[in-house]
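Structures are listed in the sections that come next.
You will see two complexes here that share chain A, one where it goes with chain B and one where it goes with chain C.
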Partner chain A sequence: MSLRQEVNASVVSMKNSKPSKKFKIDKWIPYLFILPSTLMIVTFLFYPIGTVFYYSVQNYDVSAPFYNGFAGLDNFIKIFTQDKLFLPSLMTSFKWVISQVGLQLIFGLAFALLLNQKFRFRGAVRAAAFIPWAISGVLASVMWSLMYNEHMGVFNDLLMRLGLISESKAWLADSSTAFAAVVIAELWRGIPFFAITLLASLQSIPEELYEAARVDGAGRWKSFIFVTLPQLKNTIVLTTLLRVIWEFNNVDLLFNLTGGGPAHSTTTLTMYIAEQAVHGSNFGYGSALTVIAFGILLVFAAVYLRITRFERED
Partner chain B sequence: MYKKLSKTLLASSMAAALLLAGCGGQDSAEKSNAAPKKDDPNEEVTLTFWDENAGPQRTPIWEELIKRFEEENPNIDVEYVGLPKDSAKTKYDAAIAANDTPDVGSVQTSWLPEFSLRDALLPLDSYFEGWDQKDKINAGAIDFNKDIVNDNKLYGIPYTQNLDILWVRPDWFKEKGTKIPETWDEFFTAIEEQTDKANNRYGYTIRGGAGGSFQLQRLMYAYSGEEEYIKDGKSTINSPEHAEFLKKYFALYKEYTPKSDITNGYKEMIAGFDTGAVAMVQHNIGSFGEHSEALEPDQFQAIPLPKTPDGKYVAEGGNTIGVSIFKDTEHPEAAWKFTSFLNSKESQSYWNQEVGQIPTNADVLEEAWVKESPHIQTAFKVYDDPNTILYKPPFYLPEYRSILDSTVDSGTQAVLSGKMSVEDFLDEWATAVEEAQKKYDEHFKK
Partner chain C sequence: MNRKSQQKFDRLFTLNIPILAMLIFTLFPLYWTINTAFKQEGEIVQRPLSYLPVSPTIDNFVTAWTNVGFSTYFKNSLLVGVCTVLIVLVLSTLSGYALSRYKFKGKRPFLLMLLCTQFIPRSMLIIPLFIIFKNMGLISNPLSLIITYAAVEIPFTTVLMNGFISNVPRELEEAAMIDGCNRLQAIRHVIFPLLIPGIVATSVFTFIYTWNEFLLALMLTNQQGRFTLPVGLSYMMGEFNINYGALAAGSVIALIPAIILFAYAQKHLVNGMGGAVKG
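Then we have the complex of A and B:
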């Protein structure tokens, strides 16, 4: 018996005993069921979001409360006219999101296709492939910072033995390599997410579709383009959308590996917000930056969903 | 069923009402505390104590002192809360903003002006005046604490003092016949002579990452001998001497230092010295504990920062940490008892000997371990010299720390990676200080 039927049954039984109350209960029960989750969402989502909007038009610095007060649009004006770090950090964010999501999707899809083949020890290999996803961000960043280390890192050691570099490099401390180094670390951690979800989706594609394609003379490549990809579309849309938002807001690896440095070369907008609000305790200015980030993500999500729905109707 | 639901609703709304009432109750309780009542000396009280530099080294020291205090005062229970050094200031800031401060806290002297402006601390003048040990505490440090706050009251009793120095490897210096530097020219020469990149050995290490700005500033003023930080609204940060120094100093990077220095925090910098990769490092006497664990006694030595061209030592004022009582405490008498206990001869002696820093209690200075600690004697050489220049950074500016943390730390990295000139870097730093000063003057109508 489903929940709904159960509710109906109890309503019916009550109707028999107390007919006068039937109308009220019918009307209120659904609301009572969603009340707990609504309360949670309002308390932990809407209220904090509201305060961010409120503080974005305030001067609010906990270390200098005597300067606090209504600021109007001053914070926003400062961001767009004086702030030398806003645009560069926004650009770094775009670079970060595009490289992460793009590469994770490509490698994740490749992994999923590989793991979907039949071979010996497939179960063990599948389990191993998903380990990075299960490792906590802090632990992962400690491992990667050791591997990138200038004096004892395994990368320097390997590259020197192979004769590719002549003296050890400080991968995370050089502004020309720091960004790429963090991208690789995050890529290692993010690929399994795509691999897991795409693999699950691959397994749900009916074998008959491939048989039909073979009958029509399609080779491997054509089956992939005309069967696999269209069948995976919904999963790809959803995972990339989620991933774009997650990567945009991601700070753990960046924070632990480079702290946004050297010289802000790995400072994304989210890192910059953390620097202003959490370290600088300037919550007013940090909130204004957050409002802008919120707007960017909102527009992105709306546009992205519109485009993909448009395709579905096609 | 409906009855059940309505009961649940009633119960939850009652719980909510109680919760709200609870908040209200706390508010009114706080208000009634505004007029402190006389403490009953035998009343059972619990004090919360915050440590601003918790970790495996210092936490056990505090726990031992608290144990001793509780044995002496069975009716007072002290709860220890350890804050990691890097986030301690943020935690205090949030606590003050939320009116949720501890009773007693270890507070760096440079935070006092800000905390007192925010009305968070209890003035200790009357308690201190009535204390029989008050003459033992370093009078200069007490006066300094009063001098830097807006209302010239005493908000913290310093229990330890520190000094920036250079740690060197005397064994390597002897081996290569390098002179232990006393002037800035000798400093740069020593670094060059000690560098042997083929054997993975560097003459020096720069703290390019978090916290580097505070050390950089102390080096700059030690080089120039400039006594004022801000003169008539203009900062001395971008003086030509400072630019001259930084050009030489930053030129050391990569040439005579590890490449990863640009992101060095405290741990990485100290690790460079303690693992035998670096011959000389600038830090304070407080890292004595780490060096003595990693190296043999003849492998590390503390020396003062080089003298100015006219032969004077320079030290930054306010390099002390004190015990403060927060205004919202319900037990000011018990809090003072604990504060004075921490500053007693025995407590200061134990704490400072374990950490390796300078006590402020005159009785402790007479103890044998102080006389036998070469690094503390090095610090005395600087502090006791009548010609030593003690410059005073603008701790009272609320932006002071964030300028150093954001503008200066990232500016240092920009210069080290060749993206910015030393002059632009110093101008940006000076402008930020001058703007903060202007805002401060306008607000407090000086």
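Then we have the complex of A and C:
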């Protein structure tokens, strides 16, 4: 990785320059200060990622170690030709990411616009609206499974009281409703992140821009389209990109609410990888799946940044 | 309708009703979990459902804490969280200080490296980290989680600390150095006290992350005595006969520290996140 080399090179060049005078020690200090963090990141983030590529061309099966060794592209060929779960799980991943990020953005923006208005108890309402951000995926799974449950779930109770259904339903065990049920639960936890970042960004829009728009005769809707949205553009682009990566990888709710079922209807590619890693023993195959997932994300990020012409503010 | 009441009527639809809907959506799952946690065993499955416990009991909490193992999970999570926070604080203060106070050639590469880490899919790490820590003999050892969590959090907290340190005027430090402090003394006596709010915010972010993380903890722990809270909760959900009352009570126990820390830090959240996203 050229990045790593650059960091190493700068560390090396720093070591070679002999400090002849005392003030030269000052030149060392920033490198000394970033050294521990750099070591941690390189050793426990970048190096492991590198090894995934290595394992992806190996047979690496803990339960059958005598076959271990170089496998060439066998793992990849098997994934594309024989694996019946690969393509469906990839499709489920797309469905999952698009529904999550799209809906989180829309509702997050709505939450942020609401919370940016002036009203009584605004501080307390903001705090309450952001709470799910601090709640873990597993906890959210417990909470929503208590509500979706067939026998003691509050959804069935409420819907029956309203007369919308006549019999209680196992929302998470029915393949026609399981996916939507998990999507709603994940939305609950995901919206606050968008709301927080968008609210921060809304607050930094200068009031003069709105005044200028008002002078030019723009109403509420027009100033939203022509002032608010353009000002939010960079935040929206960056948060959606980070969120796509995050949701693509996020399996906490899928793992705990449905376990990928029923009949694999909620198995995303990452869920498939996690299953392989946790329950399976073939790390070579799992690594090959991981490399494919990484490639997809990389291509997506490159294309996305191109299309949106994201510019860094300096 | 006169203009004022027209305005009030508008506000009902642009503000009051949407905010009420938002709060119901956000708070209902919390209410339902707490409601379940305080119900007696028979009452949980009784139809029609009761929306407030008929005779509230803390039996579920006692069961969760003593019989199901939540006291162990809680201690494990606390140990991992506190150690990770300490490591992250020291390392990200150092690197944040370097970014904020020095111009050096490695700065751009370092920043680029931090940015790159944000694009690393977390799920990519589970297999290689499992192999690495297995070779080191650290599976089911809290150290493997502490190291991993610190590595994952440092990029974000470095950017945060950089922001907080940059807010402390450089002149204060220089004045202290003119008065005879060396740089470390200046950091300790002048900058550190002004950084406390930033340090608290950074600690809270880190702690909440470690408290909530699931997939890596699941992968790197295989003894029940070493489970953190999320792994313990997940294990309990997967059991054949789920004790729903104890599960809900265990959730409330896991929820309390996160909510308390969140309540304290949420004011910094909007500012901190804004800074981090822009930076």
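Quick note on the criterion: the second predicted complex is superposed on the first by the 275 of 314 C-alpha atoms of A that agree within 3 Å, B and C clash if a C-alpha of one lies under 4 Å from a C-alpha of the other, contacts with A are read in each partner's own complex, and residues count from 1 in each chain.
By definition in this document, a residue touches a chain if its C-beta (ideal position, glycine included) is under 8 Å from a C-beta of that chain, and two chains touch if they have at least 3 such contacts.
Fair warning: this is a prediction, and the values are worked out from it, not measured in the lab.
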Winner on chain A touched-residue count between chain B and chain C: chain C
If we overlay the two complexes on their shared chain A, which of chain B and chain C does A:263 touch? Say first, second, both or neither. first
**Message:** Tell me the contact category for A:175 with respect to chain B and chain C: first, second, both or neither.
**Reply:** first
If we overlay the two complexes on their shared chain A, which of chain B and chain C does A:131 touch? Say first, second, both or neither. second
Between chain B (first) and chain C (second), which, if any, makes contact with A:110: first, second, both or neither?
-> second
Task: Look at A:88 in the shared chain and tell me whether it touches chain B only, chain C only, both, or neither; answer first, second, both or neither.
output: neither
Q: Look at A:278 in the shared chain and tell me whether it touches chain B only, chain C only, both, or neither; answer first, second, both or neither.
A: both
Overlap of chain B and chain C contacts on chain A, residues 10, 14, 149, 151, 259, 278
Counting only contacts in the complex, chain C reaches chain A at residues 14-15, 18-19, 22-23, 25-30, 32-33, 36, 44-45, 47-49, 90-92, 94-95, 97-99, 101-102, 104-107, 109-110, 112-114, 116-132, 147-148, 150-152, 154-155, 158, 183, 208, 211-215, 218-219, 229-231, 233-234, 237-238, 244, 247-248, 251, 254-255, 258-259, 261-263, 266-267, 269-271, 273-274, 277-278
In the complex, chain A touches chain C at residues 3-4, 6-7, 10-11, 14, 27, 29-31, 33-34, 36-38, 40-41, 43-45, 48-49, 51-52, 55, 110-111, 114, 117, 119, 123, 125-147, 149, 151-152, 154, 157, 188, 192, 196-197, 199-201, 203-204, 235, 238-239, 242, 245, 248-249, 251-252, 255-256, 259, 270, 273-274, 277-278, 283, 286-287, 290, 293-294, 297, 301, 313
Seen from chain B, its contact residues with chain A in the complex are 1-2, 5, 90, 93-94, 96-97, 114, 117-118, 200, 208-210, 258-263, 277, 398-399, 401-402, 405-406, 410, 413-414, 416-417, 419-420, 439, 443
The answer for chain A against chain B in the complex is residues 10, 14, 21, 25, 32, 61-67, 149-151, 169-170, 172-175, 258-259, 261-265, 275, 278-282
